[in-house]
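Chain nomenclature is as follows: A, B, C and D, assigned in order of appearance, with residue numbering initiated at 1 for each chain independently.
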Amino acid sequence: MRNPIWGFVLLVFIFFSLMSDHFFDYRNFQNILVQTSTIGLIALGMTLVMINGNIDLSVGATLALAAAFAVDVQSWAMFATWGNWQILPAVCLALLVGLLMGAINGFIVWKTGVDAFIVTLGAMLGIRGLVFVYTGESSFYAMNFAYSDFSALSVGPLPVLAVIFLVCTLIVHLVLSRTVHGRNTYAVGGNREAAVNAGIRVGPHMMVNFMIIGFLAALSGVLLSTQMGAATPNLGRDYELWVITAVVLGGTKLTGGKGDIIGTLGGVLAIGILRNGMNLMQVPAFYVYVILGSILIAVLFLDKRFNRTEDGGLRL
Amino acid sequence: MNEKLEPALRLKGIVKTFPGVRALDGVDFEVMPGEVHALLGENGAGKSTLMKVLAGMYQPDEGQIIIAGQPVRMTTPIEAKAQGVVLIHQELSLVPEMSAAENIYLGELPLKSFGRVDWTTLYERSNAILERLNCNFRGEVTVVNLSIANQQMVEIARALTVDARVVVFDEPTASLTDAEKVVLFEIINDLKARGVGIVYISHRMDEIFTLSDRITVLRDGSYRGTLTTADTNEDEVTRLMIGRSLDLSRDTATPTLGETVLEVRNLTCAPLYRDISFSVRAGEVVGFYGLVGAGRTEIAETLFGLRSADSGEILIDGEKVQIGSPPDAIALGISLVPENRKEQGLVLSMNCRDNMTLPQVQNLASGPFVSSSAENEIFDKYREKLEIKTPSWRQTVRVLSGGNQQKIVIGKWLSMQPRVLIVDEPTRGIDVGSKSEIHALLRALAAQGYAVIVISSEMPEVLRVSDRIVAMYNGRIMREFTADLVTEDSLVQAISGIKATEVA
Amino acid sequence: MLLNRLKAGGPAIAKQGILVAFILFMIVFSFMSDRFLTPDNIMSVFRQSAIIGVMALGVTIVVIGGNLDLSVGSMLSFATVLVVDLHDKVGPELAIPIMVLATLCLGAINGFLIGILRLNSLIVTLGMLSAIQGLVLIYSGGQNVDIVDQRGTWFAIFGRGSVLGIAAPIIIFGLLAILFHVIMTTTPFGRKVYAVGGNPTASVFSGIPRSRIVFTTYLISALCVAVAAIILGSRVMGSQNNVGQGYELQVLAAVILGGTSLLGGAGSILKTVLGVLMLAFIQNGLILMGQPYYTQWLVTWVVIIVAVWLDVAAKRGRLFSPIA
Amino acid sequence: DTVRIGITQNNVGIDSYQTTYERAFIAAAEANPDVEVIVLDAGGDVARQISQMQDLIQQQVDAIIIWPTDGQALVPAVRNAHNAGIPVVVTNSNIAEAGMDFIAAFSGPNNIQQGIYSAEMMCDALGGEGQIVQITGMPGYTTAIERQQGFDERLAEMCPDVTQLDIQPGDWNRERAQRTMETFLTRFDTIDGVYSGDDNMGVGALNAAIDAGRAEGMVFIGATNFAVGYDAMARGEYWGSVYQSPVDDAEAALQTALDVLAGEDVPKLNYFDTPKITQENMDEFDRPVF
C-alpha cells in the first residue's frame, strides 16, 4: 500500500492486540466493522465531495433527519396494515429526504457560487432545525422490534450492517475509479477552470455528488436508527468533523483533485480501531480527547514527512 | 486569397466590456479554411478575449459570430467545440492529477455501459494522437509528472480529438523548446493542408512570418487592419501594432565595467546543477542561455536564498556570504524576477500597487503605518517607466493581461534598487514593443552600475542584451562567450551538450 | 454610472453586499418586534456579542492569512477555566497574566504546527480542539470552577463594569476591532497577512517571512481568545469545562457572514463585526418574537446563505454564478 | 470471587455532577475488594454509547450499568445485553417504557418528580400568581425534557394563575442562560419568577437580573443544587432548588448492581431521595461539593 494510513492501521491493530485481551477476537472485529459503518458510509460520500474541492458539514444533521423519518413514518396510519412491510416506505422516504437535502446543498452551491463550506455550515444549523421542528425535540421509537432486529442479522460471518457498508464501499470505489462521473470528479476538483473549459457541466456534476453524500448520510442514519430502534434529535452531532478527519487521514486533499476510497477506508478504520481499543483498554475519558487529538496531528505530520514532494526542494 | 471561398469563421463588430475596460471595440476578424491567420497586438490588446468570445467562454456585448455562413450563439465551450471551434489556451488548462489521455479527452471520455470509461479506446486514441505529435511520453502518465513543455503538448493534442473547423493557438510556444516547436509547426501545416482554419497568436515575429498567411492586428481592443504576410514586413506590422517603429539594434556602447559584485565558485546542488562558477561585474549584463530544464532557474533560486546548495561559495563584493532566505538575499541587494509570474510573482487577489511594493512594504512605513503616498510614488514611477496599462492602481492584478502582469513583477524588483538583478525569462509572453523596452531597460540598468543576470531561452534576447553569455546544458556550464565573439552556431552547439573543444 | 460602479467590483462595492444584507435584515426584524431597535436592546446585543466578537476578530486574521482556526472554542474553555480557577488561588492580578501566557502557548503550538511545519490548518486545529478539551478536563478534574467572592473582586469590571453607561465588554470589543482594523489595513504586518493568504509562494518570493506571519496570526487568535475568556469569566464569575464548546462554528459563521474568503487573502475586520452583530441580532430577535429556539437555526441558515450570496454577487457583478 | 461490572456514562465533564458521580463510583468500587469496574464515557453521543454496550457485551462482563444518553435509543442495546444474559442496571435517567422488560433495575432520581417539586416551590414563592419564564437544559436530552414536563404539568395544575411567558433553552451553560435571561428582561417588563433546569443556569439568570437591577423580588428556582446555587441561596438571592447528591446516585447504582448479581429481589424502580432545598431548610444540607 502506498498510502501511509494503512501502515498506521496495522500499527494500532498490533498495538491493541498486544495491549488488550479482548481486542483480538473475531466478535470484536465484527463490532469494529459495525461501529465504523456509520461514519464510514458518510466518509465515502465525503471523499467524492472533497475530491470535487467541496466539503459537506451538514451530514450529521441530514443523518438525524433521515433517522427521524425512518422511524416515524413506520407508525403513519396509512401503513398501519402493512405489517413488517411498513418499514419499506419509511426507509425509502428517509433515503429520499437525504437525497433532497444533498440536492438543496448542491443546487445552492451551483447557482449562487457561494463556497460549499459556507453553504453546508448554514445547512448544518438549518437541517438540525428541521429535525427539531419535525421531532418536536423528543425521540421517536419504533414500535416494531423487527426494525431493530434487522441490525442483529448476519450474512455468513459478517453482520448485515458491515456487509452493507462494505458493499457501498466497493460501489463507490468503482464509481470513482472506473466511471466517467468518477473521473470528472477528479477533473472538477483538480482544476475547475479546465473542467469548465472542457465542457464538463460542473454545476450539475457537483450537485450529483452532494446528492450521493446526502443519500449515504441518510443510509447511515437509517442503519444507526435500526441499531437504536429509535431516532433522537441530537443524533450525529460532530460527525462531520470525524468524517472529514477520517477522509483526510485517508489521503484525500482538502483542496480537491486527489484521494481515493481505499485511503478513506483506512482512515475510517484507523479511527474506529482507536476508539474501540481505547474503550477496551479503559483509557479515562479525559485522556481519550487528548490522545485522539494528538494522534490526528501526528498522523498528519508523518504523512507530510513521507510524501513531501510538492515544493521540489524549494524553501517556501 | 481565394475570394470565392466562404470563410470558415467570421466575427463581425464584436464588442466586449469588462468593468472599467472596453476590451474589444467592434472587432472584425475572419479565418478561411486552410489558412493560418495570425493575430497580433500588444499585451492587453484583447487577443485572448477575442478568442474566448469565439470559444463560447465569454458572451459578446455586441456583434456576430458567423460559422460556415450561419450566425451562431455559443454559450459554452462545449457548444463551440461542437461547431468545430477548438481553443488551445494561453494558460495551461489541465488537471494535474489525471493522466495525459484523460486530459486530452476531458469532458468527452469514451463510454461503455453503466457510464464506465472505455479505457482501451481512450488510450488507443490518445496514444495515436501523441505519436502524431512525436511526443516521447504516453497517454498513461500523470500530467503533474510532465514538464511544462510536455503539458503544453497535451493541451495541443486536444485540438486533434475532433474534426475541427477552426483551431486557435493562443501563444502555444511560450514554453516550448525549439525541437518541440518544429513538431508543432508540422502539426499546424498538417491541419492547414486538411482545410482547417488556424488562428495563431504569438509575440514572436519570426514565427508569425514563417507560419502565417495573413496577419490581423489589434490595438487597444480595436481592429487595426489585416495584412497579407507575403506582402508585408516586420516594421509595417510593428508600426500598426504600437504606432511606431522599433529600434532592434543592439546598443553597442562599450560598457564601463566596475568591480566584481557577484561571484559564484563551484556551486553544486545535485542533481539540478553541478560545479557552477561565474562572476558578474557592476555594469555588466550576463545572459544565461540553455534549454528548458538546464538548471538555470535553480541557480537563480539558490542565489535568492530559496534553495540550499550542497557545496560551493557565493561571494558579494569579494566577501563570502550565506544566503539562507529571500530576506537575506534582499538585504545583500539581490533581486529575482521569477519565471512563473502567476505562482511566484504575484498575489493575484491584490491590487497593482500593493503587489509592486510588497518586498519593501516594511521600509515604507511612516510610524507604524504604511505610507500610502510613498507607495503611490513608487507605483506611478514604474507604471510610467514600464508603460503598464491599468485603469488605476486599485485594479486587482488578476484581470491584467499577461504582459502587464509581467511588467508589475519587473517593476516590483526594479523599485528595490538592487545591486544584482536576476531576471528569469523576463519577456515570456510580452509583446514586441514592451520587450524592446525591457531590453533597453536592462541595458540602462547595467549602465547605471547594476550587475544584471538574464536567464532566457530565446536566443535573440540573450544576444541583444548580454555582454557575456553563459551557455548551460544539463546542469553544467558548457562555455562562456563575450558578446563580440559569440555566434549563433557556437551557442546552439554549447547548449546541446557539445563541448567547446570538440567544436574547435 | 451607479451600475458601472456596482460592476466595478472594487473594494468599495465589495463592502456593500454584506452591508445591504445587514440593513435589509435589521429592517425586517424591526417590523416584527417593537423592542428590537430600542437602545436598551441594542446595547444588550452588543454586550452579548462581545465574547464571540473578540474571538472572531482573531479568527478573521487567521482566515485572511489563508488558514482556519477551529480550536478557539476549546481554547476559550481552557482560558476561562484557568483564569477563574486561578482567581481564587493567586488573585486576579496574577491569574490574568498566567492565563494569557498559557493561552498564547496553545496559540504558539497551533502556529508552530501550521506556520512552521506547514500542516493543514483544518485538521491541526480540529485535533487541537479535541486535545485542549481533554486538557481542560484533566486540569479541572471535570469540576466546575467558581469565583467565591463574586461581589467583591475587581475582576468583575471586565464583564460587568461600564464607562459612561457603555458596558465594558462593548468597549473592549470596540477598541480591539478598531485596533485590528487599523493593523490589517494600514500596517506592513496587515499587508503581509493579506499577501501570505493570497499567494504564499509569491509572498516567499517577495521576501516575506511566511512562517513567521502565519505563526503570528495564531498568536493573535489566541490572544483574542484570552481576552474573550476574561470577559466571559468576569461576566459569569465561574466556568464549566465546556463553556466554549461549539463556539468555533459560531465564530466561523460570523467571519464568513462578514464576507471573509476561506481561501485567504481577502476579508475585513469591520465586516466581521457586522457578521457577529447579525448573528447576535438573529438570536436576540427571535427570542423577542417568542419563536422557539430552533427557528433561530432555520433563520440563520437562510441569512448566512443570502448574505454571503449577496456579497459574492456584488463582487462578481452578477447574481447567479457563472458555473455551467 | 470478584465480579466485573461495566459502566457507560452519559457525558463526563459536561458538568461537575457527572464528574463527581464518576469519582464516587470509582471510589465505591475500590472500597469493595470483590468488585472490578470498567468505566466508559459516551461523550453524549448515542451511537458511541451503543458501541460501548457492544464492547462490554463482547467482554462478557457480569453486569452493565448504563446512564443512557437517550432513553429510547438505547432500548435495543439493552435488549442485546439482556439476551446475552448480562443484567443491566440503568442509572440516573431512565430507559424508555419499551426497555423496562430488559433491565434488572433502575436506580436514580426521579426527574419528573424534581420538576414537580420545582413547580410547587414556584407556586409557594409566588403565592399562586405571577409571570414566569423557564430556561431549560440542552434540547433533546431526557433529563431536560423530563424536568420540563414535570414542571409544566404540575404548575398548570397547582397554580393556573401563574403564566409562563416563554421557555427557551440554556444548554446547561451558564453564559448561554445569562444571555437568554438578558433577552427575556428586554422583552418582558414584568418577570416574577425564573425556573431553570439546573442551578448552574439558574445562577446565570440571576446574574443577568442583578446586572439589569431587576433581581429584587424575583424568584429563582432551580434543580440539581450546585455549590454556586447553594451560596446564592445563603446570600438570599436564590429561592430554592432540588438537592441531588451524585455520591448517593453513584453508590446506589453500584449497590443495585451488586444486589442484582447477588440474586436479591430488587424492585424495578429504585428512586433515591431528592428533597426540596430552600433558603429556609438549607442548613440541613451540606454545601454540595460540585
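Basically, a contact is a pair of C-beta atoms (placed from the backbone, for glycine too) under 8 Å apart; a residue touches a chain by one contact, two chains touch by 3 or more.
These figures come from a predicted structure and were not determined experimentally.
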Least step count from subunit B to subunit C, where 1 means the two chains touch: 1
Labels of chains that are neighbours to subunit B and to subunit D: A, C
Farthest-lying chain, centroid of Cα atoms versus that of subunit B: D
Pair joined by the larger number of C-beta contacts - A-B, A-D: A-D
Inter-centroid spacing, subunit B versus subunit A (mean Cα positions, whole Å): 45
Centroid distance [mean C-alpha coordinates] between subunit D and subunit C, Å: 33
Where subunit A and subunit C are represented by their mean Cα positions, the distance between them in whole Å: 29
Residues of subunit B whose C-beta touches two or more other chains: 76, 306, 325
For subunit A, residues contacting two or more additional chains: 132, 137, 196, 200, 285-286, 288, 315-316
Shared-contact residues (touching 2 or more other chains) in subunit D: 12-13, 139
Touch relationships between chains, expressed as pairs: A-B, A-C, A-D, B-C, C-D
Partner subunit A, residues of subunit C touching it in the complex: 70, 113, 117-120, 122-124, 126-135, 137-138, 142, 200-201, 204, 210, 249, 252-253, 256, 261-263, 292-298, 300-302, 304-305, 308-309, 312-313, 316, 320-324
Touch list for subunit D against partner subunit C, complex: 12-16, 18-20, 22, 139, 166, 168-169, 172-175, 178-180, 182-184, 186-187, 200, 203-204, 207, 211, 226-228, 231, 290
Of all residues in subunit C, those that touch subunit D in their complex: 35, 38, 40-41, 44, 47-48, 51, 137, 141-144, 146, 148, 160, 232, 235-238, 240-243, 283-284, 287-288, 290, 293-294
Subunit B residues within the subunit C interface of the complex: 19-20, 76, 304, 306, 325-327, 329-330, 336, 338, 343-350, 354, 358-359, 361-362, 364-365, 368-370, 394, 412
Of subunit D, residues touching subunit A in the complex: 9, 12-13, 38-41, 43-48, 50-52, 54-55, 58-59, 69-77, 79-80, 96, 98, 138-141, 145
